[in-house]
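Letters A, B and C name the chains as they come in the text, with residue numbers starting at 1 for each one.
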Amino acid sequence: MEKKIALYCCENSAYKAAACLTGPELQKGIEIIKLPCTGKMEINLILKTLEQGYAGVLVAGCPIDNCKYIRGSSRAEKRIEKTRELLKAAGIPEQRVRMEFLSSVDSHKLAGAIKEMKQELEGVMS
Amino acid sequence: MNRESIGVIICSCSGRNLGKQEIDSITQRLSFAESGIRNMIIETALCGEDTLKSLRNEVEKKGISSLIIAGCGAARISGVTEKIADALSFAPSSILGVPLFYSEGAESEKNKLGINEARVDKAVRGISRGMNVLTSQEPLEIEEIPVVQRALVIGGGAAGIYTADALNRFGHETVLVEKKDSLSDYGIDEKKLKDLEGVIIHTGSSLVSLEGSKGNFSACVKTPGGLEEYQAGAVVIASGAPVPADPKKYLQNRFGSSSAVPLFSLATAYSGLPRIPSLRRIGILLDLDRDEGRASTQMALHAAQEIQKPNAAEVFLFLRDARVGSLHLEELYDAVRDMGVTIVKYSGEAKISSLETGLQVTVQDDGLGVLTDYTCDLLGISPFGCAAEEDDPLSEITGVHLDDYGQFQDNNIQLMPVETNIPGIFTAGGGRGEVYSPKVKQEALAAAGEVHFLLKNKTLHLERSEAQVDPDKCILCLTCIRCCPHGAMHVNREDGVAECSTAACQRCGICAGECPAKAISLPVWTDEIVLNQL
Amino acid sequence: MNTILIIGSGISGLSAADFLGSLGNNVVILEKEGSIGGKILSYCCKATDSCSRCGVCTAHEKLADTLKKKNVRIITGTDIKSVTNTGEKITIKAERKNPYIDQQKCLDCGACAEACPENCISVYRRGDAVQYIVDYSKCRLHKGQECDVCMKTCPADAIEGKAAVKPLTLTGSDAFIATGHTVFDAAKKPRYGYGRMPNVITGLELEEMLSRELDFPEDVSDVAFIQCVGSRDPVLGRNYCSSVCCAYALRMARVLKYRKPDIKVTVYYIDLQAFDKTFTRFKEELLSLGVQLIRGVPFRVDELESGKLRCMVEHGNGDETIAEHDKVVLSVGMGPDLSSGEVAELFGLKQDEYGFLSSEKSNVYVSGTCENPQSITESIASAEAAAVKIGEKE
């Protein structure tokens, strides 16, 4: 399948920001997956996603101290960091997994992160 | 759930999101698939009022109890799901969405037949997988939890009094608990509030334990007459700013001098000084351990006005910044300056050392640009600027988080103004960090409003979609209990498993994410449901 | 249940509507602009990787939530012509501009915006809030010509209107005034060069810029904020602190540093208002990022031949700070909305010496920035506090 980025969004912030993204270069090659909170994000979900052939996993959640469930995005930050370390140790480019923090009204921050990740992936996947 | 009760809706958004050919292609592929869809409904404007009415009829006719909706994933669908759930009297979790974002179907992607293959593919996959998920799921029950018709307010200061008064007027039974022997009168502008007729008031009392969750808390209050137990539907923490319990003693101990007094008693202390022929220098210090706010500036300016007297006392007001962010504080500030009070704005920290008589204040004086020493006969220090001596035990008792300065409520905008991490517990006033009287009053009323919302529904109808712990996998490591921000997890020692309270659970999934044994799952956010979106 | 008439759809009006609607009242919000939400539509999110608690995201959520409420009706493009208040009943006669798009019926299909021959319908889409806004200055129908293209294309029948305006009469038991504020016109302080010097902008303009993602061009490497513009100023008749300008300036200073770590940011202030309940931490973070906080506000801004803007501050001890910046942001303060005088007259409200509103009438309530300068969170609390008083009556 074509290489896409799986965009895991918490439904309170990033999902709403993602829904406002316009422009084909942002929507092309992105699959949006809703989560109740990035605190639910687990390593096995990331690995299953990569297993299914996705080029990268971008986890987008509320800024630290902005999480609707208080601690969710900071827990996710730690888990994503851990996942990156594990990937690196396994010889998989860590740039394939990344976390971004943004509020529901900050679509352009998400757009910037997607652009950046696409560029980075082109560099490591080729 | 059985296939007959599952309905599949494909909405084209007036043909703008999905073209006719695309819908035909989707329905064709689904009818050949093993998905066994019995009820397929095609809509053009699912969120329209009329559509919902006709949909309701159809749903009732066909005995549909859950839905898969493939349609625009735009922000509005989150409101649409609720709208549909509401209109059909469904629980929101009986509706599974397959979002097809508008821009995924860009015109240029369509082939000669006017079909965006990838999109049709996604819709078909999503709907088929959705069928698999729903058929393997049991429908969730609705639990009815009666809401105890009583509110518990902790703290008899301005915030607590205004909250209790408002709740009383709403007609709710209210219990007010205050640890001192009487209610405070600082910051109250209506004397009659002091009566609080009908409110059960316990002074000299404190909360010693709080169990249960939103709608049904069990509180134990220690009163001079013994322990009182109360059930309450909601709790408001209005315990006041985390200042030293005995400011006078604290300051004397800290600075080794009885010339360091709390600001609110400075005027009294000054009047107690013997008259001397020369000018007394009386200091007022704000921002000692942390930056203070408008209430402190106002208190300081009023104290300065009271004390500054030509030929008797000159007042030196030391502060990092004058917090005058309220309509008439600037005028007060100007008036105090015009009186001849010296206002010393400093950077960094103020050092205070005791002298044989009086105190020395050393500050980086921004006006002079150098470190300067000032001697004062008396120094009034604002208690609000002093760091809290210890964490308020109420935090441990209730589970409400403290911020970096020992104030209730995480410094999180999602909770503001009056919510806390524990559903059903609210906070207002100095306890959460706002001491300025007009704002305290507003917060107290807002908290009363939130409690009113909670109590006016006599019953909570909660879907049993809270976190489920698999007893075979749970190792009682207590991780979930520690990481749940809402205090929803507790230990069932008898069965040796962690359990989740359906009223307190916010269905966020943090516990499921943290559990090292992967023993926890959320019924409406299983791995299948999440990955189904790919 | 009562009908409550709310004037203004900013965060204060929306919060009151949310609260009162949830209690079961019928609520009608009358909004003079073509858009719903007031100033929050112009504000940017001020988070870096961590939140700064500005409230813009929660305000948009409140906007989206209120739009979904069944018993809240929001009527945009409405000018109030007359008000009669018997103490028990309020009757408002108003004029609503046409064409009128009912945001609560709108399906967000985009058909009207695409079809409009004058291209006068724009979409505002942020967070959960979506609205289609008509630019009445371009619209043929509103200018008196015949046109019904948008109405015909709308699949939800959400657009209507025959003549340029439609007269409305609304009745309710209580009125809730939440007409908001207008920021200080920085041109009234000519020594700062606003309006003459293109690189001098206001705080509100910076908010709009950052909310639309536009960053400063690459060659902007030095930005300065000047606080208290139009505030704490007896000469201008605005001798009060607007309380929110330190908040927005310092938060945006942090955002600028985060987007471009090499950028030099200076904040010239008189007193820093403690806008956060852990303000000391926030200040420490700013200082550790290298933001310069300078006590002392420049008397004037000079544009040099190089295009740079020079600011000079004289300190109490005779020292001077002279710096050259690429951009100067004037932190303008809040003042009562320009319509406040009219609103006061219509509803029989009192105005203080600055023009801020207050009510002595038993069924008219005032909240939000039309009452005094306040932040988003404070506006929510003040609206709920006033709404509670209405709720108690029932």
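Everything that follows uses one rule, which is that a residue touches a chain if its C-beta (ideal position, glycine included) is under 8 Å from a C-beta of that chain, and two chains touch if they have at least 3 such contacts.
Model, not experiment: these values are computed from the prediction.
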Q) Taking chains as nodes and touches as edges, what kind of graph is this: line, ring, star, complete or other? A) complete
Q: Sort out for me whether A-C or A-B is joined by the greater number of C-beta contact pairs.
A: A-B
(Q) On a C-alpha centroid basis, what's the spacing between chain B and chain C, in Å? (A) 24
Q.
Suppose each chain is reduced to the average of its Cα coordinates; what separation in Å results between chain A and chain B?
A. 27
**Q.** Between chain A and chain C, centroid-to-centroid distance (C-alpha), Å
**A.** 32
Q) Residues of chain A that touch two or more other chains: which are they? A) 16, 20, 62, 65-66
Q: Identify all positions of chain B at which a residue touches two or more other chains, and write them in rising order.
A: 74-75, 78, 411-414
Q: Send over the residues of chain C in touch with two or more other chains.
A: 51, 53, 57, 125, 127-128
Q.
Give the list of chain B residues in touch with chain A in this complex.
A. 73-75, 78, 97, 99, 101, 103-104, 106, 108, 401, 410-415, 421, 483, 485-486, 506-510, 512-514, 518, 522, 525, 527, 530-531, 533-534
Q.
If we count contacts the way the header does, which residues on chain C are in touch with chain A in the complex?
A. 44-45, 47-51, 53, 56-57, 60-61, 125-128, 211-213
Q: Could you pull out which chain B residues touch chain C in their complex?
A: 13-14, 16-17, 44-45, 47-49, 72, 74-76, 78-79, 82-83, 166, 169-170, 290-293, 320-331, 334, 345, 347, 366-370, 403-405, 407, 411-414, 416-418, 432-434, 439, 441-446, 448-450, 452-453, 456
Q) Any idea which chain A residues touch chain B in the complex? A) 6, 11, 15-16, 19-24, 26-28, 31-37, 39-42, 44-45, 48-49, 52, 54, 62, 65-72, 75-76, 79
Q | Residue ranges of chain C touching chain B (in the complex, touch as defined) | A | 19, 22-23, 51, 53-55, 57-58, 64, 68, 105, 107-111, 125, 127-130, 155-156, 232, 234, 239-244, 246, 271-281, 283, 295, 315-317, 319, 352, 354, 356, 372-373, 377-378, 380-382, 384-385, 387-389, 391-392
